[in-house]
Amino acid sequence: MELWYTEKHTNTVNFSIQVKRHFYSESSPFQQIDFFESKEFGTFFTLDGLMMVNEKDEFVYHDMITHVPMATHPDIKRVLVIGGGDGGTVRELTRYKHIEKIDMVEIDEMVVRACQKYLPITANQLTDPRVTLYFEDGLKFIQGKVAEYDLILVDSTDPIGPGEGLFSMAFYTDCFKALTETGILINQHESPYYPNYAREMKRSHDKIKKIFPISKVYQFHMPTYPSGHWLFGFASKSLDPIKDFKKEKWEAFGLETKYYNTDLHTGCFALPTFVKKLLEE
Amino acid sequence: MELWYTEKHTNTVNFSIQVKRHFYSESSPFQQIDFFESKEFGTFFTLDGLMMVNEKDEFVYHDMITHVPMATHPDIKRVLVIGGGDGGTVRELTRYKHIEKIDMVEIDEMVVRACQKYLPITANQLTDPRVTLYFEDGLKFIQGKVAEYDLILVDSTDPIGPGEGLFSMAFYTDCFKALTETGILINQHESPYYPNYAREMKRSHDKIKKIFPISKVYQFHMPTYPSGHWLFGFASKSLDPIKDFKKEKWEAFGLETKYYNTDLHTGCFALPTFVKKLLEE
Amino acid sequence: MELWYTEKHTNTVNFSIQVKRHFYSESSPFQQIDFFESKEFGTFFTLDGLMMVNEKDEFVYHDMITHVPMATHPDIKRVLVIGGGDGGTVRELTRYKHIEKIDMVEIDEMVVRACQKYLPITANQLTDPRVTLYFEDGLKFIQGKVAEYDLILVDSTDPIGPGEGLFSMAFYTDCFKALTETGILINQHESPYYPNYAREMKRSHDKIKKIFPISKVYQFHMPTYPSGHWLFGFASKSLDPIKDFKKEKWEAFGLETKYYNTDLHTGCFALPTFVKKLLEE
Amino acid sequence: MELWYTEKHTNTVNFSIQVKRHFYSESSPFQQIDFFESKEFGTFFTLDGLMMVNEKDEFVYHDMITHVPMATHPDIKRVLVIGGGDGGTVRELTRYKHIEKIDMVEIDEMVVRACQKYLPITANQLTDPRVTLYFEDGLKFIQGKVAEYDLILVDSTDPIGPGEGLFSMAFYTDCFKALTETGILINQHESPYYPNYAREMKRSHDKIKKIFPISKVYQFHMPTYPSGHWLFGFASKSLDPIKDFKKEKWEAFGLETKYYNTDLHTGCFALPTFVKKLLEE
């Protein structure tokens, strides 16, 4: 039986994965959620028809969203994750024994419950006692918070549908206020290659650099996202990811990672010229 | 009219590009050659049904094969390109005014002639007076050459079909002999992500590191190649791409590049942990 | 979310249906069973990856397998259905109040149970008191039966996998013996258009005409089967579907049908010349 | 090299043919014309991205558009073909030695010239001395003609683009006037299965039956057209295709045909009940 999941990376470029089973398909109040089983990528799920997480390359994304800020500021104790319903970002955070508090605000409880059932590889640490789950709108949750978090990780969908507000000026401003003096904001930063994604990358970066004194972008290889060339934004009130990088301190944690390492920490901020130009335009 | 070029990245993963025209289709004595026109990637061509070069992301590949060795050893004067029928590698080399001699050995003249006609963006410098085209088997061409080249760029297809011998121990040994004391060999190194490609990456690396005292691997984002995560091998008799990097000297050339830059030079050698492990296995 | 079921009609011809959900996927001891929900065809199911029944055009197949013999021999009282796990053939038979006994022999109980749950449009008459379900191999069931049935309907898959024996000389001979003097055998007869199917069509016909004095073939439009041009075989000990056609008697039953009618009864035996030639070869 | 021509039969149903070459692609003043070479169907061409004619099943269409009226009225001498740029309809007409005049009015000369070059199997009789080619708009050509033709064959594209007017009341009325007393009009009548096509089928039939005293529809199996279930309309001032059928006279012509035969002549007018209902609505 040939069944193919197809994602349109652009109107004229398709990425297709043969699936064995499409075993979950539900509409939440926020979005369409589908889970699949495939040979190449194991279990994966989509939101509104876009690939979110799969067993084969989720480690790339979750390593890069978490360890880059943790190695820049290894004393982070209070973390807010916005989105991240699959649990992979929280899983990486819980590996740091000194982190005291992890608040995860995910608007869509159905995503979390489905991942706990079908994607334990990412969701298996959501029951860590330091983790509190809030099934709320991240935009509202963060309003009025002052200096409560050392790190905010915005692990969102694209800026369409439920994720849209998480790319707004108002939201980034609220994040700034909610962070402590050495606080760091990491956000999903789209991709420089296909025009639709590049436009959102620029819009996001333009906003953040108006608010945060330090605003950089780093890249990684995410084969199942459009073009495979994906970015996170690193914004901070005072810490620079390269100058303030605490290599030895992070290595002392003794964490095994499959993608991130301390050479890559510096390397990932070295962007291709065309990406730098797009970000500076 | 909907016409789609489909490349199987694995047996269960398809990458498909809608094409406007399939305007060239010929069998050479060595391989099947097809040219297409597409909206997203402009003109592109395939050999034996695999994407080789397109107008949208060719700059990534050609920047990375050329400028990394040139910035490590800016005095390179004699260069051998093996393969590279599209001409893009030669085009980048000709931008260095001090290079004296560029020999290009491409087994398949039909590829070169078709690129000159349909892909001038890459082939337009093949008529540079320093360039000599040899339509021969690179394997034989290099046999017996001693200390003739400062740089050898192996711009080959995958190790199946005409490109197979270019991944052999004998060939790498001949390259070693053909290089001068500070000579550098760059070779197409496949990809770490999908198993078929990762196997060839390892086989190639295992061979080269037995022959060359310095053998490293660097990565780049090539969206139209399987997984978008692609590698070159950097091998040398004496020069290390990081320690011997001549940043200022290269910047003094004043070359504008769209992908490569001197930050990226160092960054691209910082490989993800899983890639390092595969290479060390 | 774009999910496409693709059936290869030949190695170079694909028929693809966008599906909303793939909600059932099980391996029985006999075959792989999958159910889907689609916009164009409603619910459909596949066996070993081949389209069997869908809500949009199942009426064509079930009308043609049932009413053609019933209008040729309206006094049929005892019927054997071999295969037909979806129940559509039995559903049409139960509309004849005078039929006394319907034995259905389906090797794969899982198909029947799944259809009862997910495809009631075809399976809803399997509980008719005249129906007896046998979950057995039809080949064995029929061995040794003598003059027990007035009509045998072979509602099978293609002659690959579990359906293979139902296209054999031995089976057709057993059917002949199991039929009464005016007995009729209808069998799934594949298609004349694509070579793989045409070969099976010929093989089946060659065997049946050696055993039955009357052996004809009739056609219908089945858009979701390969080429849309599909056939049934009509074989009988003594009745000719045209000469013995009981138009008025059948019309007196007052059955409403969506595909079959008494004009079509005659019309469907008029085959294109190329089909006649293939059958006579 | 995998290259697939895909035709959307509906928004959620794709029919795809692997092609070896896409060797012609031109925009005429009227439409986009593309020719392909395929394994299964040989050479085929599309207009505005829709399959028109291929070497494998063109015989079905051309047999059915031509021989049904010729066997109803074997004395036809003057024929007008509107559309039919591939030449297949004319080819079948030229097999009747007693036909004196064949006017073919095709709006798009480029289609004819391309078919003469690349599809001689259909276009090879356009040079018959009885044939006159008019590269004009059929709508205008027929205006004012009175009793000039015994037969008009409207071999058009779908009622979108250049073919649109050929499905209008005004055009059918002009056809009526241009026909002699026993004149016959055959027109491309779309398909009953997918809703978009069924709507056009009904609209066309509704108009013709208001103008012609005799208006019938006949069907055939055309595997490469959407659903494979295709129709022609038969309209006449006085002749009924069944009652006036001249079986013996047609058989005396001694023409070998691959699809049409005199049994099928009657059979093809026996329509499924759902088609009859759609036409009567």
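Just so it is clear, A, B, C and D label the chains in written order, and each chain counts residues from 1 on its own.
Throughout what follows, a contact is a pair of C-beta atoms (placed from the backbone, for glycine too) under 8 Å apart; a residue touches a chain by one contact, two chains touch by 3 or more.
All values reported here derive from a predicted model rather than from experimental measurement.
The most distant chain from subunit D, with centres taken as the mean of CA atoms, is A. Averaging C-alpha coordinates per chain places the centre of subunit B 53 Å away from that of subunit D. Centre-to-centre, using mean CA coordinates, subunit A is 58 Å away from subunit D. Taking each chain's centre as the average of its CA atoms, subunit A and subunit B sit 33 Å apart.
Contacts with at least two other chains are made by residues 4 of subunit D.
In terms of which chains touch, the assembly is arranged as a closed ring, every chain touching its two neighbours and no others.
Contact annotation for chain pairs lists A-B, A-C, B-D, C-D, with touch applied as defined.
On the subunit D side of its complex with subunit B, the touching residues are 1-8, 19-23, 25, 32, 34, 46, 48-49. Subunit B contributes residues 4, 10-18, 38-40, 57, 59-60, 193-194, 219, 221, 223, 227-229, 257-261, 263-274, 276 to its touches with subunit A in the complex.
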